[in-house]
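In what comes next, chain A is part of two complexes: it sits with chain B in the first one and with chain C in the second one.
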Partner chain A sequence: MDLQPHTTPSGFKLPSIHSLPPFFSKQENLETLAISLDHWTRLILSYARFKRIFYLRVEDAEVTGGDWDEVLRNTRINRRVRPEYLSFILSQLVAKNLAVYDPIKQDRSVLLYWRTPDEWAEVLHSWATSTGQLNTILTFYEIIEPAVESQLSGIPVAILRKAIAVLAKTARAQSIGVADGEGVRFFATHAR
Partner chain B sequence: MYRGCINECGPSWQHAHRASWLLTTTSTPALVFATMNRPGGAGISGLTRLQNATQSYNALSNEISKEQVKNLHVQLAQFRTALQSFAQTHRDKIRKDASFRHAFTIMCANIGVDPLAGGAPGDGILGRGWWGELLGLSDWNLELGVQIVDICVSTRHQNGGLIDMADLLRLLGKLRGTNSSSTTVNEEDVVRAIKTLKPLGAGYEVFPVGGRKMVRNVPRELDADQAVVLSLARETGGRLVESLLSEQSGWTRERAHVALENMALRDGLCWIDDQDEIDGKAYWVVSVLQWNE
Partner chain C sequence: MPTLDRYSRPIDGTIPVTALLYDDEKLLASQDSVGLYDGPSKSPPHQSGALHVSSHRLFFISGASSSSILHAPDPSQEGGASLAIDLHHVIHTESYAGFFKSSPKVTLHLRPIVESEQRSGTRTPAIPAGRTDSSSALASTSSTTSSTPAPDIGSPPPSSLEDPFEAWDCDICDFRNPPGLSPAARNTCQLCGMPRSASSSSVSAKPVVTSPPIAITRNASIMNDSLHSRSLPTSTSHTPIPLGISPSMNASSSTDSSITDGSHSISCSICTFLNHPSLKDCEMCGSPLGGPEVTISGSSASNSTPTAPLHRAVVSKSAPASRPDSPALDENGGGMDNTNDKDRYIRLSFRQGGDKAFYAALKTALQGKTWEATKQSRVQTTSPDSSGKRVGIDALLGSLANSKLTTEEDMQDAFADLSALMTKAQDMVRLAKDLNEQLTISNSRNPEGQSIEPEEATFVRSSLAQLGLSMKNAPVTADMTRDENKYMEQLAKELSGMLQGDRKQNRKVEGIMKSRGVIGLDEVWGGWNRARGVSLVSPEQTLSALKYLPHYTDPPISTRTLTSGLRVLHTPSYLPSAFASRVLELIFEYGPLSTMDIAGKESLNVGLIAELMLEVEGRGDVCRDDIGSAVGAAGASSVDIRWWPNAFVGYEWDGEED
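Up next is the complex of A and B:
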């Protein structure tokens, strides 16, 4: 059998393993399972980055019509990831620090780290610097829904908080409570 | 008694000559005078003596040279033995421990010995194949071996550690650049290089499957049943189910089941598809699949 990569209607290139029927089953041999999970991890994170999707839920394998259909299903070979397997994949993503359960205290929904909080912190700080918003108080709303679309548009508050916490450690940002919720003030990077 | 001595002590003319010389120097004044005038010996007898001395010196010099060469040989032999015994004592470590092997090659380089150097058999203290004999590695094979390992390791996630010889040759060609004929390798080269990998204990092995060759690169033995499964998987394009296998091989369902389960669960050579439309559960032999990226 010849396995070919496949480009989805949205322009994402699925790897050739996505056309292999057993790729959608949970493998019982631990080595094989590790290989399969490795492929799933990369596929999920690169697709999330491509489509700017932040959440993956067990539900995505249960109902059609969601963001993840192109990845969790392959209609050409009539295969899909079953919810139990997706749930296991999510637990592995969390175990590898590539995602966190969000909200906490449940295991059916994860926030994907296709950028780590450290990487988001850098994106955030350089955005504030390049748009001339250092030393002024910004609300979370102004960051998530900026007038001019940025890399941070639509970023979940959970990630934003983590990124600000990273910057606060090096005194490059300070969390501030504002009248209508949370805010932050960024500072220039001082050479130490 | 004197006669006996002459008989015993080598060529008689020498002794006879010496006897006559002693006789003349003591009993004939004229000859004594002549001899005294030409110190160091003159005439026939003097020349002979000089010749004898030169000969003796030459002989002595030859002997000393020979002795020195012999000593050198002994020293070299000792050195070789020492190096060999070192290599033999630490052979396992040299084979297994990459950093130790590195240190060993550095040591060889420091003392001016190249363990991989060529030359005629027995040439120098470390002739061709010394390293090869001792460690089972030689330069070119080693290089090819490294490339084979490279390909096998990087494709293992696709084929479970079992690669088709044709596939391996194709990938080797890609890796080495196929534009010049000097870089192309054939099946025989691969077989030889894989043999040299044996001491590494990585379990690389070439074996036939249904008239074609495959390279196994996981330290696992394949039994006869697995060979049948692999051969059949080639024909089906990878997908196998119990019913088909038992039908084609004449095995009982039980035997077919065990063979497939072993390949999937124990050896990781098959991936299980539990969404198969026809049989519910299918086994996919990943090493026969063609991957295009």
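Up next is the complex of A and C:
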């Protein structure tokens, strides 16, 4: 039973445990389950980071053709994650603060924190600094869909707000209401 | 016309036939232009009319008035030629197709009339006639014009049970049964199905029936009183009666001597009122009437009073009180059926054809025997055991009683069996013990070690074993040992013998754990008690004895409680660690295994292996692969599980690096 890591056509290197059938079943032994869940968490977050996916839904285990097929299914060993198990994994992700239910008050869809809001705040501030946009008012649209591709392209507004809130605490950003939505102004780190 | 008269009863021919039917009677066929033959000869009044057959009766409705003028000029016969014959009199029928001028005919052979039948049914036409006569005689002394009896069709027969046009209230449910049913159906309540009791109160007809005779009797007695005073000196037949005596007494004394014809009136033994013969209770005082010995023969009485001419005149007027029968009956000798068998038939002559269809309908009616069916159902309702046609409350009560009876019988049977077994069980145990000992003794006497009749001995032993009585010694019971601990030890010893077999005896007694390393405690307890026969071991005692079991078993058998709470006895090879390592060896040898596979390899039942595997999984030695997670599978999880070695433990991440 020497399992080898498998590299997907998109270039993602799946761990060898992904080829072990019991990995797709919810283990009854709590210790084994904890190990299994750790590996799932790591796998999901690294894949999400790799593919820049922000959302994971229970539907992804039910319907084929989504972004997550490579991870939630392994046709080479004829196994898939059952929706019940994925739902359980999602709840564990939320419990570990690696994801939040988005929208809130449901448990079938999560927003993945493959970067924490703190990390996103740093990325946001460094981006603003590097592109010379400090002290100017930026709309959310300008951040999410910048003319030049950046790490922040396509970032969900929910994460963006959280990141701005983090920056606002340290007085590095200021949230501003503008005519056609929300806006933000970044300050230099030592602006205080 | 003896036959026709005795079997038929007159009906009112002027009303349509459908109005004459009982409520449960059906008109089947009709035919015009029919003549009747009374026996071999034509019956003059019945030569042209319509014939109707219903499910119960045959009606002849006298047709054109011309025939009655031609053949029956008697004014009393106007419309009276119409008649009805009950079909239950008919024994069999014959059909004659006709020949040239001879019309097709149907012959009805009638059965002889039984006396009781005659009383209740066929003689009824005569009674209203008599009463009409009496009332007319009372109304005017010059009643010569109406001397011939005119049949009073509308008035019912006096017996309340026989009156078809009478409503009655059921004793049981108070349902008022409507009039108009056929005689048989009339005797059960339509609502609750209870048979009509004799005391059921009839509603409409009774006053009509009872009041005229009372009036008659009183009037007659008063007349008699006045006459007695004059006729007393000459009268020889009866004692003088003082004036001022009660009217009923007077009536009886007068009628005693005044009966002149051949009536069968029954004199009441209490009040001496002369009752109609069909009555069972006295009309006046209600006391039951006796047998025929009180019947007064009128002819002798009339002979005994020749010397009282005045009295005789009175008699002719007071005679109605005793209700003389019609002359027609007198011809027949007071109702005795002396007609010849061959004369006892009626012919229907179909003057204008239609006989085929009518004959077919008649046959249907006769075969249907509707009157009999209703009679039978009545009989059934009165017998308690029948489950036949019962309706309403009666049926409910009946079925309740039946089921209660059956249950009681079953219970008694069961208890009888049980008590018999209890008394015999001890004897059986003793017998088995004796047999066993005898066999052992005979074995020991033969130094070869073989009994004389090996087959027989084997047979006896095996039958004992089948009864669970093959233990060498009688089962250990509490009264054999004083000490509780000793008792438990003895029990444990006995149990070990059962589990692992008795090795010292060198017999081929195999314990139930011979080939199995694990056994459920339920099975142990059940099997042990079966082996012990009647002296059972309680679960508590079994559990206490288990503590001592490892000391008496080799290899030691220990107790374990599995995750589901099931307690098992197992040998050391089924200790969790030993079993887990064995399972892992199997998996490494054969690849991932399902519970079924492991059960097959271990020769244990699947339920037990499933429990044990849960234990192994709990130890973290294996992990599960749910086949329900297959890409194509839609089924529920946990149905089919394959066990893998636990590859999670010690796994190092070898996927995409952060």
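Methods note: the second predicted complex is superposed on the first by the 190 of 192 C-alpha atoms of A that agree within 3 Å, B and C clash if a C-alpha of one lies under 4 Å from a C-alpha of the other, contacts with A are read in each partner's own complex, and residues count from 1 in each chain.
Basically, contacts are C-beta pairs under 8 Å (C-beta built on N, C-alpha and C of every residue); 3 or more make two chains touch, one makes a residue touch a chain.
This structure is a prediction, so every number in the text was calculated from the model and none was measured.
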item	value
Clash or fit (per the criteria above) of chain B with chain C on chain A	clash
Which superposed partner A:Q27 touches (first chain B, second chain C, both, neither)	both
Touching partner for A:S130 - first (chain B), second (chain C), both, neither	neither
Chain B versus chain C as contact partner of A:E84, first or second or both or neither	second
Greater chain A contact set [chain C / chain B]	C
Which of chain B and chain C A:Y47 touches, first, second, both or neither	second
First, second, both or neither for A:R73, with chain B first and chain C second	second
Contacts of A:S16 with chain B and chain C, given as first, second, both or neither	both
Partner chain(s) touched by A:N97 [first = chain B, second = chain C, both, neither]	neither
Touching both chain B and chain C, residues of chain A	1, 3, 5, 15-17, 20-25, 27-29, 31-32, 35-36, 39, 78-80
Chain A partner contacts - residues on chain C that touch it in the complex	592, 614, 617-618, 620, 623-626, 628-632, 637, 642, 644-649, 651, 653-658
Contact footprint of chain B on chain A as seen in their complex	1-5, 15-17, 20-25, 27-29, 31-32, 35-36, 38-39, 78-80
Contact set on chain B toward chain A in their complex	157-158, 160, 237-239, 264-268, 271-277, 282, 284, 286, 288-293
Complex contacts: residues of chain A adjacent to chain C	1, 3, 5, 12-18, 20-29, 31-32, 35-36, 39, 42-43, 46-47, 49-50, 73, 75, 78-82, 84-85
